[in-house]
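Just below sit the structures, each encoded as structure tokens.
Here come two complexes built around chain A, the first alongside chain B, the second alongside chain C.
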Partner chain A sequence: MTVETPLLEVSNLSVRAGRDPEASLILNEISFCLEARRILGVIGGGGSGKTTLARAVVNWLAPPLRVSSGEVRFRGQDILRFAPEASRSLRGKAIGYIGGDPAGALDPTLTVGTQIVEKLRAVEPDVTRQEAKERVIELLAAVRIPTPSQRFNEYPFQYSGGMMQRAMIVDALISKPELLVADSITQPLDVTVGAQILRLLRDLTEQFGTAILFISASLPTVADVSDDILVLDGGQMVELRPTAELIRAPGHPYTKKLMDELPMLWSKDLGARLKPAPAIAEPILRVSNVGKTYSISPRSGIGRARRLQAVRNASFDVFAGENFGVVGESGCGKSSLMRLLTALERPDTGTITFEGKNIFDQGAAATKAFRRRMQLVLQDPYSSLPPQASVGDIIAEPLLIHGLGGRAARRAQAMEMLREVGLPAACFDELPMTLTAGQRQRVNVARAMILEPQLLIMDETLSALDQTEQGRLLDLFERLQAQHGFTYLFISHDIAMVRRVCARVAVMYLGEVVELAQNERLFFDPGHPYSRALLSAAPTLEERRYRSEDCLLEGEPPSPIDLPPGCAFASRCPHVYETCLKRNPALTDRGNADRAACHLLTQGSAQQKDHAQ
Partner chain B sequence: MEKTVEIPGTPPADDLRRLSISRRIALGAWNSLEFRIGLSVFLFMLLMAIFYPMLSDIDPTRMNVRARLIPPVFMGEGATWAHPLGTDQLGRDMLVRSLVGLRYSLLIGGATVALMLFVGCLVGLFAGYRGGLTDTLLMRITDAQLSIPMIILAIAILGVARPTIPAIIIVLGLSGWPVYARVMRSVIMAERKREFVRGATVLGASDMRIMFLLLLPLCLPPIAFVAVLDVARMMIFESVLGFLGLGVQPPTPTFGNIIADGRKYLLNAWWIATMPGIFLFLTLASLNLMGAALERSRNRVYGGIE
Partner chain C sequence: MFILGFLARRLAQGALIVFLVSFLIFTLLRVIPGDPVRLMVGGMAPDELVEQIAAEMGLRDPIPVQFMRYMGGVVQGDLGQSFIRPASGAAVGGAQFDDATRSERARVLTLIADTAPFTIQLALLSMFFALLVATPIGVYGGLNQGRWPDRLALYIGSLFVSLPNFWLGIVLALLLSVHLGWLPAIGYQGFAYTILPAIVLAVEIIPFILRTLTVSVAQIMRESYISAAYIRGLSRTRIIFAHALKNASVPLLNLLGVQFSMLLGGVLVVEFIFDYPGLGLLTINAVLQRDFPLIQGIAIVTSAAFVLINIIVDLVSTSIDPRLDY
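Take a look at the complex of A and B:
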């Protein structure tokens, strides 16, 4: 195929916030070409102008943003000079746009199918409803939504996050666009689901000949999917090169910095941070066979209540002084487990003991005392702090709750904590509103620390922060641990973070601990297929030890409501065989207190035993 | 020890920032012209209401038939400085009557709003926070109360019992609280699911502490600002009751019964009904000015602008 003019040609595009020639420059002289069937990745940190670029390319800038110079040529025509109506028809038809918030982009009151048919008929009024429906179902199948003709008639709330994102891709592809602009589409998704979506995008470029402008803040994601990469920094184009070349030898210091910040799963030795427990340590927290089932009454109010098994048979010990990690994707029961560990809810089965005492067996006063020894640092830096209390009051609140110290003592101690977590003293009378996400998390940490607890549970504490800030907070945690002898329990979906910090890791899938292993063992010799799938999907630029194609079948986690018998991972596991569908495997010892729950292991060890005999 | 990390984006710590948050709100309000005008008018009215009847030594109920229907001084003709705002049909001094009326109206308006805010917020707080059976019970009571029209309730109670001031306050308060309960409940229900409430539970805070020290300070101020406007409404309701003859009984002057009596003389002595109206307007306008300025300042501070 010979193309004289490239599909999309952006030349010297500048965008300013406002008409004023002095107004701040959001994009500065961006130029690139994109040809059919190619994927151009755009990468940059927060505020680098990625989304502005995406919007400018589809001529969809909202005031005060406006293009101050340059042009965007689509098939040789400058779309920025188009009349609004013309660019609107172009946008729906020839250029598709997918945003990062599928749940917000779909109308909750219409079925997914209806919405997409509507969209198709808006840009192509000649298509009949029946034809449109067939095309939608065909495409739903193409993006591998199971039973598409049934899913066509379902509402967005019945879709999972990954499926909604697929529906958005269908929505963008339905008019057979030549160019697809995908703005941060994998950001809200779980890594394993995100990996599937990326694979899908690559297939689609081949199948439909679509060119894709793929925008993301995560370099590994972009590198995974794109042919070329454009690096943006503060609105400046710092580098535009083929992916492999860029990864091998980044030319610009900013690109180098981006790459250095990336977590390494396998190639870097991170032993220093891991903090394994001393050899003769006592378990500070002992979770044994804990299960929690919620019953969901049917919407109509009649009929059998359904059982949602949020946590099933979770067992692990956390030793004093170590960093323990619980890792898993959304819906795996991490949050439910956190609620059990913090005594917000009682488990249905099993016991949780803290420092040798069952945390549920002792009445309100003892629970309060337990909560003094154990603290939780919450995930969301925005909603976890009371919005109208000053930072100082927030930090001093636990002292007030437990009736410790007088007014002046509390203030002094809160000041001290503020200093310890590295916040300026001027923050004391500030509202949390005025702080950055990282500073808010520091406030959260300070509030948890002020009672001098033994165990700190970090519930996704770092997941809202960027890599640099994560690194700083990890340094802080390390220093505080050295000073106060805390035990950390990290609950996270971010496997790279766990690799950097946790000496021992429990991997959860659908409410169950499927693997419990030392850090090294988990990353170099995982015992459970799900652990391998998780590793294969982790965002990293390294030579992967596990390829997502080998480790993960298409499909999404089954619903935790009314789980079928057998192994929960069976529906996505490439090694699935008969027994997996019948019996749920139990945790099997793999030596060195590493355990995993997979039938293949018992089989393997049985064989090994045979060999030994 | 690691050095304090300088994080960009931290606003400069000027003098304003060193003040505590409530002080910043108060200062922000004080700096606005509306607040100062409102406050000075309100204080002026209040001081007048408290001190003028005492100092001027005129009895608001003393009749003087010879000096009846004297116009206010600015009317010129036949007016006298002995009665700056004129006299009514029985020769009573309008200024003193209006000021004493203002006293009663303020008392009734303030007390009523305090009562309904207290009951409504308490009911809403418990219903919203506890949920379940508590919620169902409290809200059905609220619904029952909401279904009785205020005027009917007032006629029933005040018609049977003597319409004394405490009775009037209770009647008005009783008919007003369900709205507050409803609003409070919905706000609390939204807030109690937020992360920081769960955080407080894990910190060991009891339910009472979360309800009264965490959620109430968060949800009360916007409702309280609406309640300030309700002081005005309640003063008008008291006038309505007075108009129906169920308000404070004569000869005690309140805005309601002065206006009701003056209505008959509207053509030849318009000032009788108008003067209390002007006092009512000034008081309410000043209250609203202050409330609005405080609310704006609060929004600015909590919105992170100041």
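Take a look at the complex of A and C:
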């Protein structure tokens, strides 16, 4: 056997932010090899330098970042020493790159097809336009984009996030690269779509023999696809080992910490955290048969307006003192539901009652009083705080709005809240600019609870935070609940978080509540195929109870505009049969107040078995 | 299909706008003090004659009646006749109250059609000059944000925006016509007469174009699809010309639409200074003479031009950026 030079060989690579030898070190002495057909995963938290590494490998560091020492050898040649023109011909041709922002990766004013053709002809000028077009359409079909010849002529904004990421994979693979750098490619996608992209990526490496440098902040995702894993922490390479070995016995404390912070879906007993709903209690919030449809007028201004059914026939109760979760992926109607629950918009059908009163059948004063009893904490820690007001003023503002207390009293109360959410008193007169994302969310929580509400709606409140910070805030929520008796309604896409904190969960898909179940039941015996698909796609290192290959068909949710009749999940459901396409199943009782909407539940169990196979 | 629906909707909106503008101008002109008939017949004419002529012309009817009568003509393409100007040329006025040739007074549409081409020519030429200077400087400034080309664009913009046009017109006329004798300045006897006023107008427009271009080019260059394009292997030339400039052209186009409409609406001061026979000069004279039909006609024609230019700009913008939805 001859000793071959590896495809990619990075040796002692250091990157600094500036020319100064004292400038801060972003990457410190990174070394690794990547052979053809292999997938090397790179894992690291925010600021670990993983994106810098990805960019250094394609020789595209933006100033002030620059390589201070080391080599990146591609097929034995050091690409860092290439002239810009030579490295450009390498980039995009022999080395493909896919980033984590598929929505912004292409010029919005040109069709997707045109731009991939443009790229192919830029790196391979000999290809004719017609040939290029044929190759692009062929590859669009290979990444399972439906009707590729039609999709070729569509604009980026007409693609969903998942479709766009597939198109970017085509863009990277069109020149048959030997190395593909994939930087956080599943991060902005819904878990079920991300799982499909990962599956696709694995198939393609088999097919094309491409080596992949797979970079992600999620250990389960990296472990899912990679042969080996490199762990980065603060620009240092702390570990590089085969995946199975690393997962079995993490060597470095940082790797151990990463693994410990991972949420567990099935292995840990979480019962203690979750209070069961009191059997006979009167619900604090009652949502019955709520529906909301938006009409979208056509672009030309003439013709029929189309109907977007954002929320369809949603019903559930939330009991005082419990944690209730609403989970679902983008476009499932979570945010529309939040707008209805907070009386920002009126539903077209159905009623919402809070503490026994219909929230829409009351005057302005009563609505204001209702809003005092029910507060909202939003997702984005940056845009949800006014940048020019001090933290103290922000927290005290709700008191001002509701006309409570004098100036001094408000100030004292705001200070008290600040302390309660665990922020230093010194923050009081600061602007939010100086705070971290986690601290900002604490300000948001303080602002919501200063009115002493009964119900707190957490709309993706933790989504923007990292694992560690999420854990701390969840502990805070728990403590505050014990002290003040809050009821929490968590709206989230993160099923692992829901597993940790919510006693009962409503699963939404395309505007409908498809399953309503207690925590344990949902995770161990889900009643709806979509819940199973969601569980199968959740990133976890545990032994999976559900495999995404069995639970989810290729494809994306249909558009909520002009929905076809029948079950909305039918197009992605592996158990689909005729009835599913004709009639939309109603929520069926599964005992213990757990309900799910699936035709299989109402069929005989024998038949269910038939269709399941 | 989209285009047809778009045009139908926008033209209908435009017609409404023109109608409202006409009504506003019509009413305002009739409620302000000053009797045009007195101006027409002259100060020496007896009051009875003034009343008689006014009644004959329908000027004593209620305003809505007058307006409907006028609009009835407008829809048929008849903007009426000038009160003052004869079809033959020189302004009528003074004591010719017994002049029986009123039917030979100039038609408003003809007056506008005769002067509009001069103004359009002036507008196009000044736009051309402005783009010729501002595009390279603005784009280069946008590509090099924070460095000297950016500052150069800023300085030129600040300098030009602070030059008053009447002053610049006079100085340029003095310098280029009187001292150097390179360009003619006053009146119109050929294309060369358009150049000097066009330069003055271009200087006025350049700061706006510079600002819009530097800001939008700089912003587009920060977009992720631009940096992604480098990694995808596209050349810098291709990125700038095929992607950055295309995207930056939409805000520029909107600006040019507004500026062009303003130029068409008559550049009063500049046309006055250079005695340039365009719509601006026509407007000034019509106002000074209280020539109601002419003022109305100019207002209707320029507002229609505004509407049309806006429709064209929006249509072109949508074809550049299909996400736009007007």
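The definition used in the following text is that the second predicted complex is superposed on the first by the 597 of 613 C-alpha atoms of A that agree within 3 Å, B and C clash if a C-alpha of one lies under 4 Å from a C-alpha of the other, contacts with A are read in each partner's own complex, and residues count from 1 in each chain.
Note that a residue touches a chain if its C-beta (ideal position, glycine included) is under 8 Å from a C-beta of that chain, and two chains touch if they have at least 3 such contacts.
All figures in this text were calculated on a predicted structure; none of them were measured in a lab.
Overlaying the two complexes via chain A leaves chain B and chain C side by side, clear of any clash.
Applying the stated contact rule after C-alpha superposition, one finds that A:L200 touches neither chain B nor chain C. With both structures placed on the common chain, the touch criterion links A:V498 to neither chain B nor chain C. Once chain A of one complex is fitted onto chain A of the other, the partner contacts of A:R88 are limited to chain C, with no touch recorded for chain B.
Chain A has more of its residues touched by B than by the other of chain B and chain C.
Contacts of A:R371 after superposition on the shared chain: chain B is touched, whereas chain C is not. Once chain A of one complex is fitted onto chain A of the other, the partner contacts of A:D101 are limited to chain C, with no touch recorded for chain B.
With both structures placed on the common chain, the touch criterion links A:D429 to chain B but leaves chain C unconnected. Of the two partner chains, chain B is the only one touched by A:Q388; chain C is not. Of all C-alpha pairs spanning chain B and chain C in the superposed arrangement, the closest lie 8 Å apart. Across the superposed pair, chain B and chain C touch chain A at no common residue. Residue ranges of chain A in contact with chain C, taken from their complex: 55, 58, 60, 62, 88-89, 91-93, 97, 99, 101, 104-110, 118-119, 122-123, 155, 157, 171-172, 175, 298-303. Considering their complex, residues 342, 344, 367-368, 371-372, 375-376, 378-380, 383-390, 397-398, 401-402, 419, 422-424, 426-427, 429-431, 433-436, 438-439, 444, 447, 451, 472, 475-476, 479 of chain A touch chain B.
Listing the residues of chain C that touch chain A in their complex gives 1-2, 4-6, 8-9, 223-225, 227-235, 238, 242-243, 246-247, 320-323, 325. Residues 2, 4-7, 9-11, 13, 17-21, 194-196, 198-205, 209, 214, 217-218, 301-304 of chain B are the ones touching chain A in the complex.
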